[in-house]
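Read through the structures below before going on.
There are two complexes below, and they share subunit A, which is joined by subunit B in the first and by subunit C in the second.
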Partner chain A sequence: MSDYFFFIGLPYAALVVVIVGTLFRYLNFGFGVSSLSSQFLESRELYYGSRPFHWGIIFLFFGHLVAFLFPAEVLLWNSVPVRLLILEIAAFGFGIAALVGLVILVIRRLKNKRIRVVTSKMDVVVYVVLAVQIITGLWIALFFRWGSSWFASTLTPYMRSIFLFNPDIAAVTNLPLFAKIHIVSAFTLIGLIPCTRFMHFLVYPFRYLWRSPLYVIWNWDRKQIRATRNLYNGVKQKNT
Partner chain B sequence: MDIRSQIAMVFHLDKCIGCHTCSIACKNTWTNRKGAEYMWWNNVETKPGTGYPHKWEDQNIYKGGWDKKGNSVRLKGAGKFKGLSTLFHNPNMAVLEDYYEPFTYRYEHLFEAKAGDDQPTARPVSMITGEPMTPKSGPNWDDDLSGSKEYARKDVNFKGLSDAEQEAMFRLERMTMHWLPRICNHCLNPACVAACPSGAIYKRGEDGVVLINQKKCRAWRMCVTACPYKKVYYNWSTGKSEKCILCYPRLETGQIPACMHTCVGRIRYLGVLLYDADKIESAAACDDQDLLQNQMDIYLNPHDPEVIKAARKNGIADSTITSAQKSPVYKFVKEWGVALPLHPEFRTLPNLFYVPPLLPTMAFVENESYETTSESFWGAVEKSRLPMKYLANLFSAGNEKVIEIVLKKLMAVRLHRRNETVGDLPAGEVTDPMNEVKMDKETADAIFRLTSLAMHDERFVIPPAHREEAIEMIENTAKVEGNTGFGFREPPKRGL
Partner chain C sequence: MKTFLTIVGLLILSMAHADEGQDLYNKSCVACHTIGKGRLVGPDLINITQQRSQEWLVAFIKSSQTLIKSGDPEAVAIFEEYNRMPMPDNDFTDAQTLAVIEYIKRTSAGTEANGQTADAQDLLSEATDENVSSGALLFTGEKRLTNGGSACNSCHNVQDAQTFSNGTLAKDLTTSWEIMGSAGVAAIIEGPPFPLMTVAYQNHPVTEQEVLDLTAYLRSVSESSGNQAAESYDMAMAIFGIAAFLIIMVFIMIFYPQRKPSRVSA
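Let's look at the complex of A and B:
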């Protein structure tokens, strides 16, 4: 019963919340969407915490994404033991980096009074979820080897079934407890995106890559200003 | 030619009395909010001195501004690759310690303290944590402290001055100082705009005001690093960057910015400059010694029929062109050539110009007495207390010749006016300096008039914003009646 709740109910709830919630928040409370940097108040420890945490978590995220999208290729890669080892050790390394970074970030927040002033209740939730997520991940990597190979027969079909709206939880119900927690906390994390600072990675500024350095906005189209015939056409000028 | 219009400013440093009224006007209008306590969109610093934030001019520390790279420029401490890869922790960002921890005093305690043996005191408390603290620095901690070891000698503008010259500067009888009021320069090549990954910072096409869209800012903080003048501040409470907005809601309704309106010394001037946007890149990317001249060449003569024609073609309103013709800034900067940009070597093409301070009297110690007499009436400009090189490092990327000419022009005006009002100077002592800088009496009188006598409407020529037409262009006014205006539709509250 609880398996239905955790592996069907929760994932769908999380997906609905993240889609509806982020859109709602972005459109109605856009002012609050920010990385909420606290570097201004404390910079040194942030360096030792934020850099490893982010590089670790981002590599892990893309690792999981690749594994989910191209399971066959990952299995092929793993067919040579050395390559499997390289992959697992690299992933474990990024996991450790993320964990160490997270610990430093938490300590920084606890001991620095200025940072405590800008800590919200949701930040605490964020830390707890991330800690559970990273620790269970590392635990699995250590004690249920080799995840990068066995996931293909258990997790990929399950995830596929979720996204194809035909949930099949047979494979995941037999997983060890830590793997189950890892899945549950992952969906919790996704569901928390609109209610926390997690919003900040959804607004990653890709467009900066091809933007020109000077950005000018005209309140009206400057070549049209004299053309009174256009005065009442109600067409919104584009600002580019 | 791509003509645009820019609202530009002139600050006349000889007139600044260092009263900080401008800073307070700005603070009370815009930054007396949580998270903005430490922001001084307008600040007045004592020079020589380290300024605010501490040593802001030292780009080895803060990595602000642009570097020349071939025929173009590149951000020193931000940009596409550097910026996007250091979002998680920005290595060159100015942080609280570079400014100061904002504080207030527990005044209530004076009234609420229980009766006791001692007088109650109002202890200083941090405006961030609310806890008692000992203030160790502040926005004007070095106010008037020029000459001090801690501040003046750490000024970063002594490049090219020998140790002996520096020592001489700080000898008691030669010690000197002036004030440097600063606001955002609303640059033509703004580093803050180029550095913002979110595209939240933009330059307004119609008047050149540089603004941060508070809804689009995501606290990536690259602007704080990139602005070489350190005029973008990060609001630690809302998680958004903020900067001087040139009081645009006031400008749009024909009022001048609060700092200018309240300026006690009446040192400030505001008006339109027309410029050629096609030349921005080449002007920003030229060699150091050409920077000043190339920036001056960007600004166009608003009386030139060709320019007027091209401006009209580019959609610049007639009212703006008329304002440009009356612009006091155009007169100071282009016609008379007595106002210079601050640190042109940062390559942002700033639009705030300074008339450098003329510090004529040269004192020396003779027979153990303090002598201020000089051979000519006001002493020679070359011998002014503040070494020419120092002013050159501030206002002309190190070019002393430029400073010398400007100071000589200012001196010629003074001598001419002395001659007109008192008439006690030998003829040569007036005409020679005027001939040297090729200044006729009419120009000298005009400079004198705008410097000393001009009333509000001559010092400030604001082009009409024509917001009414702008609104009509983008919206059907009948449909949106009561909908447009200034302000947030959602409260500016920190996100989760």
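Let's look at the complex of A and C:
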């Protein structure tokens, strides 16, 4: 019974929420869709957390997407042992990068008062789901090898059956517990997209992935502004 | 006329029911069992309905492991006798399970017991080193399966120093041939009863020649497993994965000095 809920009900619920929720948010609060950058509040740790996290998560997302869209090609690539090892080790490395980045970002949020103030409950939820997602993924890569191959041959048919509205959960229900948790947290994450800042990658015109990074930096001396006595309403302090 | 139609209708219905039992048997049972042709991976099912009660058979077919874990002495004895090889659970309805039992009962009635293993005539009697080499390449995927199925090492491991495997999702196959014999191994490759394998190969059936080659390879692995060093990639994956992560971090750190450390207008 729970299998039907987690591997049929949840995926469809997540897909409905992500489509309807994204449209609703765009149409009603379009200008509120943002990653809510906190780079003004703290920059250095953000760099060391955000970079490995994003590099890791983007590589892994597209890795899974390729295995879903082109399973035969992935199996062909993996037919040479060295290539299989390169793929698995690279994916594992990016997985560690995503986890280390996430840990740095969480620590940054916990220890920095200014960041804590702008942290919402949904941020906490996203952090928890992401942590579960990445840890179970690493666990699978280590102890249930070779994921890139068996994903293509057993999970791709499941995913395809979901999108063709003819769900077949025979394979997925027989996977190890960690793999099941990984799948459930993935769909949970998809469902959370419109409810969180996670939606920022859908900001029109969808250039988040390849545009140059925005570099947010103060353009005046904050210390001088704090110390000045020559400040009154309506006039911004200039640098001397 | 009405009576005739009723009889015909009932006959058609009962035939449909029987066909369902046969279909389910062929889909889920035939890889490991025979009816009157000897033991395979599991016992010969001839006259099983006379040896066990219907309730017991239904429970065992639906989930043998549940019965074994409950301590049922007959279930435990079978589990031990057949090398602790777990029979996969079957997601049958009660009616479907009864249809399978009915099919076994009906087939048993017209069959004589063999009393031997189905392996008596080994399908590998004419297998050569060429089959073994070909099987090794098929196992690792270096030679693609004709119908595009994934290589065995995607999920399985064998202790063979000459072959790259180390899949750890499913069973280690080093002693599979020793446990199941040629007919058992071949039957499972041909029509896998395990759900993950069923899905993986349902649209990519393994050809007869490939079944032969893979079985020959697994026999050679089984026969020489005592001489092979067991390799594990657990630590290697962790170490190389961390190395890959460090390389990623080096790239990230190279870019950091390009960032301006403070306000731009100073």
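Remarks
In the analysis below, the second predicted complex is superposed on the first by the 203 of 240 C-alpha atoms of A that agree within 3 Å, B and C clash if a C-alpha of one lies under 4 Å from a C-alpha of the other, contacts with A are read in each partner's own complex, and residues count from 1 in each chain.
In this section, contacts are C-beta pairs under 8 Å (C-beta built on N, C-alpha and C of every residue); 3 or more make two chains touch, one makes a residue touch a chain.
Remember, predicted model here, so these are calculated numbers, not experimental data.
Of the two partner chains placed around the shared chain by superposition, subunit C is the only one that A:Leu175 touches, whereas subunit B remains out of contact. In the superposed model, A:Met199 lies in contact with subunit B only, and not with subunit C. Look at A:Pro81: by the touch rule set out above, it reaches subunit C but stays clear of subunit B. Touch criterion met: A:Arg51 reaches subunit B and subunit C at once. By the touch criterion stated above, A:Ala152 is placed in contact with subunit C alone, subunit B being left untouched.
By the document's definition of touching, of the two partners only subunit B reaches A:Leu209; subunit C does not. On subunit A, the surface touched by subunit B in one complex and the surface touched by subunit C in the other have residues 43, 47, 51, 55, 215, 217-222 in common. The touching residues of subunit B, when paired with subunit A in their complex, are 80, 83-84, 87-91, 93, 95-96, 128-129, 131, 189-190, 193-194, 196-199, 201-206, 214-221, 234, 236-240, 280, 314-317, 466-467, 469-470, 472-476, 479, 488, 490-496. Subunit A meets subunit B in the complex at residues 28-43, 46-47, 50-51, 53-55, 113-114, 116-118, 120, 122, 195-197, 199-200, 203, 205, 207-209, 211, 213-226, 230-232, 234, 236-237. Across the interface of their complex, subunit C is touched by residues 43, 47-48, 51-52, 55-56, 72, 75-76, 78-81, 84-85, 88-90, 92-97, 100, 141-147, 149-150, 152-154, 157-158, 168, 170-171, 173-176, 215, 217-222, 239 of subunit A. The touching residues of subunit C, when paired with subunit A in their complex, are 91, 140-142, 144, 148-151, 153-155, 164, 166-169, 194-196, 198-200, 202-204, 233-234, 237-238, 240-245, 247-249, 252, 255-256, 259-260, 262-266.
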